[in-house]
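What follows is a group of structures, each given as C-alpha cells.
In what comes next, subunit A is part of two complexes: it sits with subunit B in the first one and with subunit C in the second one.
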Partner chain A sequence: MLILQLLVSGIETGALYALTAAGFALIFGATRIFHFAHGATYALAGYAFVLATRLGWAWPAGVLLALVVAIAFGLLLEAAVYRPIQRHHGAFFTVFVAAFGVVIVVQSLIELSFGRAYIAISSPLTRAHEVLPGLYVARVFWLALATAGVIFAVLGGFLARTRAGIGLRALAENPDLLRAFGLSARRLSALAFALGSALAVPGAVLGAMTTGLSPGVGAHVMLISLAASVMGGIGSLRGAALAGLLLGIVENLVVAGLDTQWSEAAGFVALFAFILFRPRGIFGAALVR
Partner chain B sequence: MTAYLLNLAQLAAIFGLLSVSLNILIGYGGIFSVAHAVFFGLGAYAGAHVALDLFPDLLLAALASAVIAGVLSAALALPALRVRGEYFVIASLGLQMLATTVFTEAQAITGGLGGLVGIPPPTLFGFTLAGPLVFLFCCLAFLALALALVRQLMRGSFGRALMALRDSETAAEALGKNVALIKTLAVVLGTAFAGIAGALFAFQEEFVNVESFTLDQSVLILAMVIIGGAGTLSGPLIGTLLLLLLPAALTFIPFIPPTDIGAVQQLIYGLAMTLLMIFRPAGLAGRAMGRR
Partner chain C sequence: MIGGKSMVTRRSWLGGAAGLAAGALMAPSRLRAEDAYILGTLFPMAGPNAEYGTIFTAGAAMALKHVAADKMLSRPLVLRAEDSEGTPQGGAVGMSKLVNVDRAVYVLIGFTGVSKAAAPIGARAKVVLVNGGGVGPDLAGLSPYYWNVIPLVPDEIKVLVPFLMARKLRRIALIYVNDPFGNGLLKSLKGDLTAAGGEIVAADAIAPTDQQFSAIAARIRTLSPDAVYFASYGAQQAEIIKQLRDAGISQQLLTYSGATIPSVRNLPEAEGLILTNQAADWSVDDPITKRFVADWRAAYHTDPTTYNQNYYNAVRLFALLAQQLEKSGKPINGDNLRAALLATRRFPLVGGEGVFDDLCDISMKIVINRYQDGKLVPIG
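For the complex of A and B:
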C-alpha cells in the first residue's frame, strides 16, 4: 500500500510540476529566452494567494490575484530585463545572470515581508479520505489532476487552432518570416510570457495548500522546470509536461527505498544522465548547438 | 577590532582565490559553471582530513585538495565537452544539487550537517603558522600565485587558444586547436585552485560543514566574477571585495534590524547582478560594451 500511496502523491506533485514546466517550455520554445526566473513567478503567485487568504478573500479572488501577479511579473521581466539585454547582445549567460539576480531579489523580498518560515494554507481540500483500505487520497489530488487535464487540453487546442497559437509556434521557428507576414514578434513574445507565467499559478496555489511555501521555493521549482524541460527536450511542451509528471512520481517513489533527502537528488541524477547521454531529451529535435 | 579586520582580510584573500579560479572557467573559457562551491567544498573536506588524520601541513593539505578537486572535476569537464550554453549551465546546476546532498549524507567523510570540527592550526615544514597575520600572508601568497599563473597563461598559447574557443569553438577547432584538451585543462586548473581555497578555508574557520558549499555559495562566487568583470585580471578581485565588504558595511547601518541583514544583503546583490547585466554586462572592470 505504501507504494500506491506514494504513487498517488507522486502523481499529484507531478501534475503540478508538469504545468509549471510547461510554462517554462512554452516561453523558451517561443522566444528562445531562458526564463530562469520562472520559479520566482511561482513563488510570487503562491505568496499572493497566501496574502489574499490572510485578508479573508474568497478563493476565486485569491486565484485571480495570483494570476494577475504572475502575469504582471512575467510581462515586467520580459519588457524591463530580457528585452533590453537581448537588444544589445544576445549572450545567453547575461540573460541567465540577470534572471538569477531577479530570483535572489524576489526571494529576499518575500523573506522580508513574510518571514523565512514555511507557510501552508489549511483547506478542507487537503483532508485525506480513505479510498481503499490503507490508501488515503485527498480531494486536492483530483483537483490537481483535473486542473492539469483541462489546462493541457485547452492549451493544446489554443496552440493548434487559433491564430495567436499558430503565431507562437511560428515565432519559435522563424521570427523573420513571422515579421514578413505582418505579425508582431514583440506582441507574440509578450503573449508567450503572459501564458507561460499563468501556467505557474495552479502549481503555486495548490502547492501552497499541500506542500507549503517557503522563500526558497522558487529555486526548487525552477530546478524542477529546468530538469523537466531538458529531459522532455528543450522547447517541447509535451516533453516538459511528461517529464514533470515523471519527476514528481520519481521524487515520491524514491522515499520508499531511500531517505527523503535523496528524493530531490534522484531527479538530478536523471537530469545529469540525460545531459550526458541524450541532451535532446525524450521528444526534442536535435537542437544541440 | 584588529582580529575582526584580519579575519575579514583572510576571507577576502580566500574568496579572491575562488573568484580568480572561477574566472578561468567563466571569463577565459566560456565554461559557465554554477558548481564552483562543489570544488571549494571538496578541497575543504580534503584539507580538513589531511590536517585531522595526518598532520596539518599547509602545503600538503593544499596539494591534496588541489588533486582531489582537479581529479573530480571530470564531473564538470564531461558535460562541458558534451554540451554548450544553457545545457551546460543546467548540468552544472544538477551537479551542484547532487553534491549538496552527497555532502550532507556522506557523514563518514564529511560529518554531515555537523561537519568536521577541531581542525588544528596549520604548520609549514614543521613550524606552526601561529597568528592570524602569518596565515593571512599565506592566503595572499596563494592568491598572488594564482594571479601570476593566470596572467602568464593567458598571454601564452594556452590562454589564447582558450579564449579563441570561448569566442568561437568551431573556428578554434578549424584552426587545429585540441578543443577537448584545452577545455579539460581549463576546468582542472580552475577547480584545483578552488580546492586550494577550500583547504585554506578549512584552516581559517577550523571547521567545515555543508552549508558553506551550497548553490548559494556558488552563486555568490559567480556574482563576484560577473559584477567585477569576467575575463579581466582585476575584475574578480574587485567583485570579491565589494561583495564581502557589503555585509560588513550593512552591520553598521543602524535602522536595519539584525535579523533582516541577510535578506537586505541578498536583495542588494541580486539587484546589482540584474542591473549590471542590463546596463554594463561586462562588469565593473570590463570594457563598456559586451565583447561576447
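For the complex of A and C:
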C-alpha cells in the first residue's frame, strides 16, 4: 500500500510539474529564448492568488487574477527584456543574465510586499481522506489530474489545428518563412510567452494550496522545468509534460526504498541518465551537423 | 604656454578645494566610525530563513536604542550587518568581513551551522560571538569567545522526554534537517528517549531546501508512531506541518523553540502543536523587562518573542560589560569582555537575572507550550 500511496503523491506532484515544465518548453520551443524567469512567473501567479484570497475574493476571481498577472508579466518580459536583447543580437548568456536579474528583482518585490515568510492557503481540497485501507487521497489530486488533462488536450488541439498554433510550431524552425506566409514572428513570440506563462498558473495556484509559497519558490520550479525540458527533449511540449510527470513520480517512489534525502536527487539522477544515454530526450529529434 | 599654466593652476586650485571639501565632509563620519564600538550581526537576511534575521535584528535594534538613551557608554554603538544566508559558507564569509574589514568587537550570531563556521574565525581574532537563536548541542563551549544567551536543545529535550513518557507518547517518528543542528538533535533525542523507555521509530533526514514532504508523510503513516517530532527552520517548518496534516497524519506533532515564529504561529494546521521553549513571562515586575515589553508593544503592537528577548539581552550584555571595562579603564576586547563576564556572572537582563556558567552560557527555565488559537500556551 505504501507504493500505491507514493505513486498517488507522485502523480499529483508530477501533474503540477508537467504543467509548469510545459510552459517553459513551449516558450523555449517556439522562441529559442532561455526564459529563466519562468520560475518568477510561477511565484507571481501564486502570490497573486494568495492576494486575491486575502482580499476575500472567490477562487475563480483569484485564478483569473493569477492568469492576468502571469500573462502580463510574460508579455512584459518578452517586449521589454528579451526583444531588445535579440534586436541587438545579444548572446544566449546575455538573455540568461537578464532573466536571472529579473528573478532577483521579482523575489525582492515579493519579499517587500508579502514578507519573507512561508505562505500557504489552507483549503479542504488538500485534506486527504482514506479511500482504501491505508490509501489517502486529497481532492486536490483529482483536481490536478483533471486540470492537467484538460489543459494538455486543449493545448494539443490548439497547436495542431489552429493557424496560430501551427505558426508557433514553425516559429522556431524558420521565422523568415513565416513572414512569407504573412504571419508575424513578433506576435507569435508574444503568443508563446502568453500561453507559456498561463501554463504556470495551475501549478502555482494548486502549489499555493499543497506545498505553499515562499519568495524563492521560483528557483525550485525553474530547476524542475529545466530538468523536465532536457529529459523530454529540448523544445518538446509533450516531452516536457511527460518528463515532469516522471520526475514527480520518481521523487516520491524512491522514498519506498531509499532515505528521503534521495528524493529530489533521484530526479536529477534520472536527468543525468538521460544526458548520458539519450541526450536528445524522450521526444527530442537528433541533430545532424 | 602662459595660458596653459594658468589653466593648470586654476584646475589645481579647484581640485585642491574639492579635495579639501570632500575631506572635511568625510572626516566626521570616519571619526565617528573609529570612535564607535562596532557590533556585528551575522543573521540570515535573505532566503527561506530570512524571517529569523528580521526577528533577531529587531531585538538588537531596540537594545541599541535603549543603550543610547541611557547613555550607558562613552562611545556610540554602531551596528554592521552581514547576511549569513543561514549557511556555514555565508557564516564564514560574513564573519571574516566583520572581523577584518568592519573591525567588529562583538558579533551577534544565530544558527548552528553558521556558528560552527564563524566561531574559529572569532576565536582567532578574539572577537566575541553571542548566540541567541541557534540551539544545536555542539554550541556549548564552541570556543572561549562564543557565548550563548539561549538554552540549547539538549535542555529542551530533557524537559520534553519526561512529558512524553507521562503522556504515553513513546514511539516517536523524527523528521530532521540534515545539518549540524539536526544531527545533534537526533543524537540528543535518541539518547534521552531510549533511556526513558521510548524509541525513535523513523528518522527521516531532509535537506534545508526540501519542499515536498508527502512521501515522508506516507511512510510515517505506515509506522503508526505515537507522535511526530520535526526539527527544521523557518519556512520549511510550516511546510512540514501543513503537508503532514494534509496527508492525514493526525498524531501529536512536536518540535523545539525554532517554531516560535509568525509563519508557524499563523498557520491553522499548527493548532495543537507542542513545542519546548525558554520561559518568557512578560508580566514580571522588574524595570528592565517592563520597559522592553512596553516599548515593544508600542512599536510593534504585539508581544515580543524569546528571540527578540535574547538579542536584546545580547546587546545589553555587551553594554553592561563595556561599561564595567570603561570604568576600570581597560580596553574593550574579547579577552577583557570574557574576563568581565566570568568575574560578574549575574546580569540584570530582560526576563530577570541572567546567570552565566563557566562556558559563558546562560541558564534558563524551559517550558512546554501548545499552540492554541495562534498563541503559545504553557502546558508543562
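Going forward, the second predicted complex is superposed on the first by the 282 of 289 C-alpha atoms of A that agree within 3 Å, B and C clash if a C-alpha of one lies under 4 Å from a C-alpha of the other, contacts with A are read in each partner's own complex, and residues count from 1 in each chain.
The rule is simple: a contact is a pair of C-beta atoms (placed from the backbone, for glycine too) under 8 Å apart; a residue touches a chain by one contact, two chains touch by 3 or more.
Please read all numbers here as calculations on a predicted model, not as lab measurements.
Enquirer: Give one word, clash or fit, describing how subunit B and subunit C relate on subunit A after superposing.
Expert: Clash - subunit B and subunit C, as placed by superposing on subunit A, overlap.
Enquirer: Scan A:118 for contacts with subunit B and subunit C and give back first, second, both or neither.
Expert: Touch status of A:118: second partner only.
Enquirer: Just subunit B (first), just subunit C (second), both, or neither: which does A:9 touch?
Expert: A:9: touches subunit C, not subunit B.
Enquirer: Per the contact definition in the header, classify A:71: touching subunit B only (first), subunit C only (second), both, or neither.
Expert: A:71 contacts neither subunit B nor subunit C.
Enquirer: Output check: A:212 vs subunit B and subunit C. Expected answer is one of first, second, both, neither. What do you get?
Expert: A:212: touches subunit C, not subunit B.
Enquirer: One more residue to check, A:249. First (subunit B), second (subunit C), both or neither?
Expert: Neither subunit B nor subunit C is touched by A:249.
Enquirer: In the superposed arrangement, does A:259 touch subunit B (first), subunit C (second), both or neither?
Expert: both
Enquirer: If we overlay the two complexes on their shared chain A, which of subunit B and subunit C does A:81 touch? Say first, second, both or neither.
Expert: The first partner, subunit B, only.
Enquirer: Could you tell me which of 1-9, 55-63 or 271-279 in subunit B overlaps subunit C after superposing the two complexes on chain A?
Expert: The segment of subunit B occupying space taken by subunit C is 1-9.
Enquirer: Subunit A residues touched by both subunit B and subunit C?
Expert: Looking at subunit A, the two contact sets intersect at 111, 259, 261, 264.
Enquirer: Inside the complex, what are the residues of subunit A that reach subunit B?
Expert: 34, 81, 84-85, 88-89, 91-105, 107-109, 111-112, 219, 223, 226-227, 230, 234, 259, 261-262, 264-265, 268-269, 271-272, 275-276, 279, 288-289
Enquirer: Tell me, which parts of subunit C touch subunit A in their complex?
Expert: Residues in contact with subunit A: 46-48, 50-51, 54, 178, 204-207, 209-212, 214-216, 218-219, 221-222, 234-236, 238-239, 242-243, 245-248, 261-263, 267-269.
Enquirer: Using the touch definition from the top, list the residues of subunit A that touch subunit C in their complex.
Expert: 1-2, 5-6, 9-10, 12-13, 111, 115-120, 122, 126-130, 134, 136, 138, 210-212, 214, 216-217, 220, 251-252, 255-256, 259-261, 263-264
Enquirer: Under the stated contact criterion, what part of subunit B meets subunit A in this complex?
Expert: Of all residues in subunit B, those touching subunit A are 26, 32, 78-79, 82-87, 89-91, 93-95, 97-98, 101-102, 104-105, 215, 219, 222-223, 226, 260, 262-264, 266-267, 269-275, 277-278, 281, 289-290, 292.
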